[in-house]
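Multiple structures are listed underneath, in structure tokens.
The two complexes that follow have subunit A in common; it is paired with subunit B in the first and with subunit C in the second.
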Partner chain A sequence: MAIQIILLCGLVIFSALAILLKDLIKAALSLAVASLLLGIIFFRLAAPYAAVFEISVVAGLITVLFILTIALTKKGDEVTEARLVKLAFPVFLILFLIIDGLVMKSLLQKIPALPSGPEAGTFGEVLWKQRTFDLVAQVGVILAGVLAVLALFRKKEEDKDE
Partner chain B sequence: MVFSFIVIPLLVAAFLPLVGKFSKKLLPDVLTNAALAFLVFNSILLVKPIFNQGVIVQNLNWLGERVNLQVALDGFNLFMLFTISLVSLCISLFSIDYLEHYGHKSTFYALFLVMIAGMNGLVLVPDLFSVYLFLEVAAVASYALVAFGLGYDELEASFKYLMLSVVASAFALLSITVIFGMTGSLNFQAVAQGLQDLQARLVLGVCVAFFIMGFGLKAALVPFHAWLPDAHPSAPAPISAMLSGLLIKVSGIYALFRIIYSVIGLTPALSQLLMALGTISMVVAALLALGQKDIKRMLAYSSISQVGYIVLGLALGTPLGIAGALFHLFNHAVAKGLLFLNSGSIQHITGTRNLEELGGLGKMVPVTAGTNLVGALSIAGVPPLAGFWSKLIIIMALIQAKEFGYALVAILASILTLWYYLLIQRKAFFGRVAEKWSQVREAPFWMSAANVVLALVCILVGIFFTPIFKTWISPAAEALARGIQQVLMWGL
Partner chain C sequence: MSNLWFLYLFFAALLVFIGLYCLLTMRNLIKLFIAVEVISKGVSLAIVATGAVKNNILLAQSLAITYIVVEVALVATALALIINIYKKNKSLDVRLLSKLKG
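And then the complex of A and B:
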């Protein structure tokens, strides 16, 4: 239980850091650590497939995409964030934690327990035979992400010489 | 083949950046338009089998072994697929000339096709988690497309859109997670059966509230609409047309009502809540549209208002209400697509979208002015155009269900709609030609052609209303109504 609480606290802290840190590389790495912790929590809750996806896609692939994108940008003008935005996130986070604590605890007691049991079949079976459509959609999400990087970090000057 | 609606756009999108290395304009134009024309053709070919069989279930085989890729096509999804394919084809035709000054056509088209694949996937999958995943495919592509111009406004609007859209997705995902926790399943039918066995009304109520918040944000229903009037006008015109014409309907209305009709069931309380939300959207957004000076911003508010009509009809839940709402969904997709493309033409011609600066353009650019008039009158519900019939059916359905108050508000909102569309006509196209517009010329060929095709659809659908309603709308409405009956039979 103690390990679970430490992992959950770590998840919240690193998720918050991912938003609050100014240095984008550090923010991307914080997100990767948060995702890794979430993956471990999934493993401990006997959901290995969710854990594998979380660690491979979010901690691995998406972090690579983020760092690639950051590498493509260069230090430019100083961007000052509005004060309201700086305040909004911590306020929202605290509010969310309070609501989560109050509502979800009482709500979860009312949710009938899922007939428990280990996830059926091997990882391969689940991936290829039960959730195949998700793979197609994941390919779509990754493709959209890569294309978005290509579109948003294109050199504007190149547009003109067509 | 049904899978082609997802696979073809994704495959073409994957190859386009490579194709763009060899041919910057011609091949991306041809490939994208050919792929979309094929999808339109494919959806027309599927009408007959759906009309005869009702539902087509297809499984994918890979090297002789059955892969668990199953899609179930009924009248409702086919109707949505046809709407998406037809409007997308016109938008991509318009983009041939419009994108000349943006450059990087191959990347634009690739993102555009990924967005279409996401929407088609969302329409075809019978599984809650897959709905969420395809929702994200379409959403990720749309964030990049809104920001495609890379100007300050575009980037700001895209960021705002991203932030609110992520909140919407989070609500939908939270609800899906709780439902999975309760029923141990994600398939629509199995979840509906599981929920009926459980009788967990309180938790289900919370899930429905989260779905309404999530998909309501995606559909920009009032009071979840704040992002839309910024995001839609800032995007390039083809993407504004795509977002307002299709995306808010597919990722908001389709997803919400598919889940309500096929999984949760439309209870009288839920019906009243959604009807109230629809009516508030219809009136508030119409009033907000009246005060706008930017054409695209006015059109964006109009989209929120028209989405209100669709929600009102679908939430009513009677066969006539559903049919009217679906018909209005199609008509709005076509006419709003046309009006946003048209606003792109106006901006291309004059360099401005400000109604106060425009005036008398009708004499100088008759094709743009004429097609704008057709689109505006169709949305406002003027006979014999397509929008008139769909609004009439929704109002008739309301009267038939003895919801006289809602019917009256729907008629009044329609008058407001006509008012602000006539304002556009008066300020932009009628009156004396201002000195600075005396030399303007009509928009390039493909831009005008796309406008004309969409305007013709508005006119022809209005004239041939009866056969089109029987062939397309009735099977779609029946498929949805069957979903309600099944869930009602399960006793929810």
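And then the complex of A and C:
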């Protein structure tokens, strides 16, 4: 339990660093560390498949995409943020911590519990039989993403020809 | 067991708050997208933690995996858009997008 809370605190700290650090590369790396910690939390929650996806895809692939984009947009660091943003963040964070704590405490035992019970079968059976429609939707989303990226970059090539 | 669920929901809400704060206050497009990623981490945590606490971890895992795949497609498309916006405006300042002309 204590380890889990330390991991959750680490996840929040690195997520906050990801948005507060001015250097975009450091921000992307903080996000990767946060994903890694989330993967470890998933693993400790007995969700190894979600953990593997989180670590390999989010901490790996998405970080690479972010760093590639940062490298291609060299002047990204030059965008000036409002001065108050970083100064006001701890104040708003503490306020939200108090509100969040109070809300969760008041909701404790009051939310009607979701029906719970041990599941039958294996992960493969649940994924391929119960969630078949989700898989079809996933294929559609991936195709839409690929087509969108192709369309975005093809347009630039046409511009160059002109 | 229920207390554990609220602990995870507490941290998930905190992550969503951090992301929303960044989305509302920052101007760098890449930072805004990092904020979207932070929000999505909060949502993933809520899904998997709820599944683990309610003994529905297999279903929660399959939903989390679907969510991660959708997230990757979103990231790829959005980063391609950001690169195109940068090539057009030579800046990642989101305020410049308000000057777009039809």
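Just so it is clear, the second predicted complex is superposed on the first by the 90 of 162 C-alpha atoms of A that agree within 3 Å, B and C clash if a C-alpha of one lies under 4 Å from a C-alpha of the other, contacts with A are read in each partner's own complex, and residues count from 1 in each chain.
By definition in this document, contacts are C-beta pairs under 8 Å (C-beta built on N, C-alpha and C of every residue); 3 or more make two chains touch, one makes a residue touch a chain.
Quick caveat, the model's predicted, so the values are computed rather than measured.
Asks: According to the stated criteria, A:136 is in contact with first (subunit B), second (subunit C), both, or neither; which is it?
Replies: Only subunit B; A:136 stays clear of subunit C.
Asks: Touch test for A:154: subunit B only (first), subunit C only (second), both, or neither?
Replies: In the superposition, A:154 contacts subunit B only.
Asks: With the two structures laid over each other on chain A, which partner does A:144 touch: subunit B (first), subunit C (second), both, or neither?
Replies: both
Asks: Does subunit C touch more residues of subunit A than subunit B does, or is it the other way round?
Replies: Greater contact footprint in residues on subunit A: C.
Asks: Determine, under the contact definition given at the top, whether A:2 touches first (subunit B), second (subunit C), both, or neither.
Replies: neither
Asks: Considering only touches as defined above, state whether A:70 meets subunit B (first), subunit C (second), both or neither.
Replies: Touch partner of A:70: subunit C, not subunit B.
Asks: Take the contacts of subunit A with subunit B and those with subunit C, and give the residues found in both.
Replies: 107, 114-115, 130-131, 134, 137-138, 141, 144-145, 148, 152, 156
Asks: Which residues of subunit A touch subunit B in the complex?
Replies: It is residues 107, 110-112, 114-115, 128-134, 136-141, 143-145, 147-148, 150-152, 154, 156, 158-160, 162 of subunit A that touch subunit B.
Asks: Which residues of subunit C touch subunit A in their complex?
Replies: The touching residues are 2-4, 6-11, 13-15, 17-19, 21-22, 25-31, 33-35, 37-38, 41, 44-45, 48-66, 68-77, 79-84, 86-87, 90-93.
Asks: For a test of understanding, state which residues of subunit A touch subunit C in their complex under the given definition.
Replies: The contact residues of subunit A facing subunit C are 1, 5, 8, 11-12, 15-16, 18-19, 24, 27-28, 31, 34-35, 38, 41-42, 45-47, 49-50, 53-54, 57-58, 61-62, 65-66, 68-70, 72-73, 75-76, 78-82, 85, 88-89, 92-93, 96-97, 100-101, 103-105, 107-109, 113-119, 121-123, 126-127, 130-131, 134-135, 137-138, 141-142, 144-146, 148-149, 152-153, 155-156.
Asks: Show which residues of subunit B lie in contact with subunit A when the two form their complex.
Replies: Touch list, subunit B to subunit A: 6, 10, 13-14, 17, 24-25, 67-69, 102-104, 107-108, 110-111, 114-115, 117-118, 121, 125, 127, 129-130, 133-134, 136-137, 140-141, 143-145, 147-148, 150, 178, 181-184, 198, 200, 202-203, 206.
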